[in-house]
Structure formats: C-alpha cells, structure tokens
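After this come two complexes, each holding chain A, first together with chain B and then together with chain C.
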Partner chain A sequence: MADRNALLKQIGETSFTLDELRLYLDTHPLDENAMAAYSEHAARRRQLLQEYADRFEPLTCGCICPETNGSSETCTKYPGQKHWTWADGPIPWDTEANVCAKTAGAAKGGN
Partner chain B sequence: MSNPSDCGCRTASPLPAGPTASSAPPAGEPCGCAPGVSLAIVTVPLQPWETPYEPAEALQRGTIFPSLDKPFFAAGGDLLGR
Partner chain C sequence: MWTYEKRLQFPVHITRTCPRTASLIISQFGGPDGEMAASMRYLSQRYSMPCKEVGGLLTDIGTEELAHLEMVCAIIYQLTKNLTPEQAKTAGFDAYYIDHTAALWPTAAAGVPFNACEFQSKGDAVTDLTEDLAAEQKARTTYDNLLRVIDDPDVTAPLRFLRQREVVHFQRFGEALEKIKDNLDAKNFYYYNPEFDKQFVKA
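Up next, the complex of A and B:
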C-alpha cells in the first residue's frame, strides 16, 4: 500500500475534512448528512492512523502499541525488540527525513 | 428621524470638497442600497448542506464546501498556481 508519505498525506486530508465537518456541525447539530459524513471520515481516519502505526510509528498517543507498532521496522533504534515505540520514526520537523522518509528510514534503521 | 427608506449612507451635512469628499451620490439620486437595508447590519444566511469535495481536493481548495470555495486571486487560480 502507499508508503509513509502517501499515508501521511491521506491522514492529513482526512483530518482536514473532519475539521471542516466539525465546524459545520457546530452550527448545524441536527444535520444528518453531515453527521453521516463525519462518522464515515472518522472511521477512515482511525483506520489510516492504525495502519500508519502498525507499519511505521504511532502518530498519536492513542496509537501507541508496542506489540503491533512498526512492523516494517523503519526508523527505529530497536528493530526486532519489543520497545516503547513513541520515539520511533523521524522527528516531525526533520523535513529531509519526512520528504524522503522511505530512503531515510532504510538508511537510519538500527542506529 | 431619517426617511425609513433612506439607508443612511448619505451624510446629513455635505462633506468639505476635496480628495476625501464622500462618495455618496448627490441628494435625490438613488444610492443603490437595497430597500430596507441598514448600514452595519450584516445578514448571513444559514449554510445549507451540499456534497463536499473529496478530502484530497478539499485540502487543496481549503474547504470541503464548494459554495465556500472562493479563491480571491485576480487570476482566479489559487495559491499553488493551478
């Protein structure tokens, strides 16, 4: 499936849609269409976050799960060992790593 | 008490002539304001639901609602130059 950056992009897009729907629902609390759209996109976002955490690292604290995180073992100091996965992956402001995280992940793995 | 149909955009006393003269139309001419409209009272209709953009496009456009998608750029394009 899409690699790290494509997955991050989808998470950002889905999150933006949810933000917009939240603003709309704040002023339209009885709008069934909007509520249905919100439920759909919220489920989609949870699924994307879970997939990202399983394959790479947890993005939110709700996704921290040492048993299942980082199955692709990219960007972790402890490949193959059960460890606290919250610090895995490139630092968010490490733009170079985030731009080509796939290569950076491969080069960085293990050190 | 001003004339009820008069929206009040004309000043009571004429402004001094010069570059900062008021742009209000001369007395007697219609000022163009819709009837019954008062200055400084904004009416915003409740936004109706509509089919939203897909997430990818919505993030590009900056909104999920097509009717709120108003790129205020002279060329009509958007910041990303599409």
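Up next, the complex of A and C:
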C-alpha cells in the first residue's frame, strides 16, 4: 500500500504544478520557461497516471482499460476477473484514499 | 464538457469526528463566499466575456473551484461520518442533523441556505472582474476566520491550501482585468460596457 500512496502523492504534486502553471500561462501566454515546465510536468503526469492505472485502478476515464488495469485484491472486489474497473479503489473523499496526506508533508498552495 | 478525476486536488485525511467544526466549515460549501458560489459565478460570467483569454481563465478557475468544493465537502463528510447520536446533539450541528442527517447540503454557517444571488454575473467585464477580485478576498477572509478558531492540524492543512489558492486566483484576476483594460479607451474605461457595446472595443 505504501507504493500506492507514494505514487498518488507524486500524481497529486505533478498535477498541482500543472494547475498552477495553467492559470499562470492563461495570463502570461508568451512565457517560454513556463511553457517548457508545463510540457515536462504534463509528460510526467501522463506517465504516472498510466503506471497507477496499470498497477492499481484508473483515476481518469482515459485510463479505464479492463484488459490492463490492476486487479489485485487491494484494488477491486473482483480480483483476477475481467470487470469494469472505474469503480475500483478507494472513494476519493474518504480517508482511505488520502493516506498520502500523512506522508506528504503535503504540497503548499503556490504563490 | 467536464470529466472527473478520482482524487482530491489536495489530500484530506481527518480522523477526529467534530460536528461543531463541520458546521462552521460548511459555509465554504454553501455560504455567500463559498466554493460553490465561486465556481458558478465564474462559469456563468465567462459566456459574455469579450476577451477569450479571460473567458478561458474563468473556465480554468471555475473548474478549480469545483475541486475545492469537493475538498470542502470531503472535510465535512470526514468530520461527521462516524457521528454518534450524542454527537448529533452538538450545538450548531443539531438543527442541521434534523434536516439532513450527515448528508451534504449547501448552507452558510449561520443557517442561510445557498442562494443563486451569490453568482453576481452582471454582464460588464470590468464590473464582473472587480467582483471576482473581491470574491477571492472574501473567501480568504472566511478561511482566515476558520483557521483562527480551528486547531486540528488534519483540518487546518487543507484549509491553508484552500486559503492560499484564493490569493493566487486574486492575482490572476488582477492580470485579467488589466488585459480587459488594454482593449478599452485608456481615457475612460467606463465609457462603454465592453460586453454590450462591442463595436467600441478594440479588436
């Protein structure tokens, strides 16, 4: 489970970096450094989301793939069985899905 | 078009049940300066916004506010999910419990139900963006008020994150207002309504 939470923490941090850069670029559309940072983090996020989906469950609808999504007992109530994976994993608003808050030291809100 | 991502923007992990705290934080769900009002305000204003970059910013901030709405609801949910009948009698939460049990329902901390008047969509780019600047500061003040009376570090961590986002959004809206003014007559920004008298707005 440590792996799952560590990966989720990385996805949260990379995604937040993109959230912050997106708003900044909305009002600074010619900032090349910010654009380069956006592309770099966007590639990283795609890679992390795919890894998470392969090992655990899909976090986005684009990652839903019943053939390749993780299907161990910790991910689903249908382990090893082909099934619709979108409902796998913890509920996002429950404590179980947010254990990374404890290990994260948690990302700051930006500036 | 929107799609859902199965995670919170910032993790919420609260283990101590506290209906009293939930009854205060609920203002940032359904109160006048809460996240629902913020999201719907920006997403309503964007359609008639004359500058498409500013319409884009309103979309992106309005979308982030939906993620904040979800975080605030997660905080309230986790503070009340293991409620005992005795805890349901907590002053400040008891009346809410009678009407909604432990479900989420948008209301201000003082008991006023959510009201669409909070959207503040006026149809004038200068007016609306000035409103948005004030809205971000009002939300920041509300988070400051909450942080002054709440001690649980599991609750204050996500509240601090949300407070900081208000400051960032204020900054971006300030830049958006300048962008709008760049397209207006510098001698008198208020001579025309840029959303209505479009023929006078520079291309």
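Quick note on the criterion: the second predicted complex is superposed on the first by the 91 of 111 C-alpha atoms of A that agree within 3 Å, B and C clash if a C-alpha of one lies under 4 Å from a C-alpha of the other, contacts with A are read in each partner's own complex, and residues count from 1 in each chain.
In this section, a contact is a pair of C-beta atoms (placed from the backbone, for glycine too) under 8 Å apart; a residue touches a chain by one contact, two chains touch by 3 or more.
Note that this is a predicted model, so its numbers are computed, not measured.
Colleague: With both complexes superposed on chain A, which partner does A:Ala36 reach: first (chain B), second (chain C), both or neither?
Modeller: Neither partner.
Colleague: Quick check on the superposed pair: does A:Phe16 touch chain B, chain C, both, or neither? Answer first, second, both or neither.
Modeller: both
Colleague: For the three-chain arrangement built by superposition, which of chain B and chain C touches the greater number of chain A residues?
Modeller: Between chain B and chain C, the winner on chain A residue contacts is C.
Colleague: Between chain B (first) and chain C (second), which does A:Thr95 come into contact with in this model arrangement: first, second, both, or neither?
Modeller: In the superposition, A:Thr95 touches chain C alone.
Colleague: Going by the contact rule set out at the top, does A:Ala6 touch chain B (first), chain C (second), both, or neither?
Modeller: In the superposition, A:Ala6 touches no partner, neither chain B nor chain C.
Colleague: Is A:Cys61 touching the first partner chain B, the second partner chain C, both, or neither of them?
Modeller: A:Cys61 contacts chain C only, not chain B.
Colleague: Tell me which partner A:Tyr24 touches in the superposition: chain B (first), chain C (second), both or neither.
Modeller: Both: A:Tyr24 reaches chain B and chain C.
Colleague: Which chain A residues come up in both lists, the one for chain B and the one for chain C?
Modeller: Shared contact residues on chain A: 9, 12, 16, 20, 24, 27-28.
Colleague: Inside the complex, what are the residues of chain A that reach chain B?
Modeller: Residues 9-10, 12-14, 16-17, 20-21, 24, 27-28, 31, 33-34, 37, 41 of chain A touch chain B in their complex.
Colleague: Okay, in this complex, where on chain A does chain C touch?
Modeller: Residues 8-9, 11-12, 15-16, 19-20, 22-24, 26-29, 57-62, 89, 92-95, 97-102, 104, 106-111 of chain A touch chain C in their complex.
Colleague: Can you check the complex and tell me which residues of chain B touch chain A?
Modeller: Within the complex, chain B touches chain A at residues 46-47, 49, 52, 55-56, 58-59, 63-65.
Colleague: Which of the residues in chain C come into contact with chain A in the complex?
Modeller: Going through chain C, the ones touching chain A are 3-15, 53, 56-57, 60-61, 64, 70, 73-74, 77-78, 154, 157-158, 160-165, 167-169, 172, 175-176, 179.
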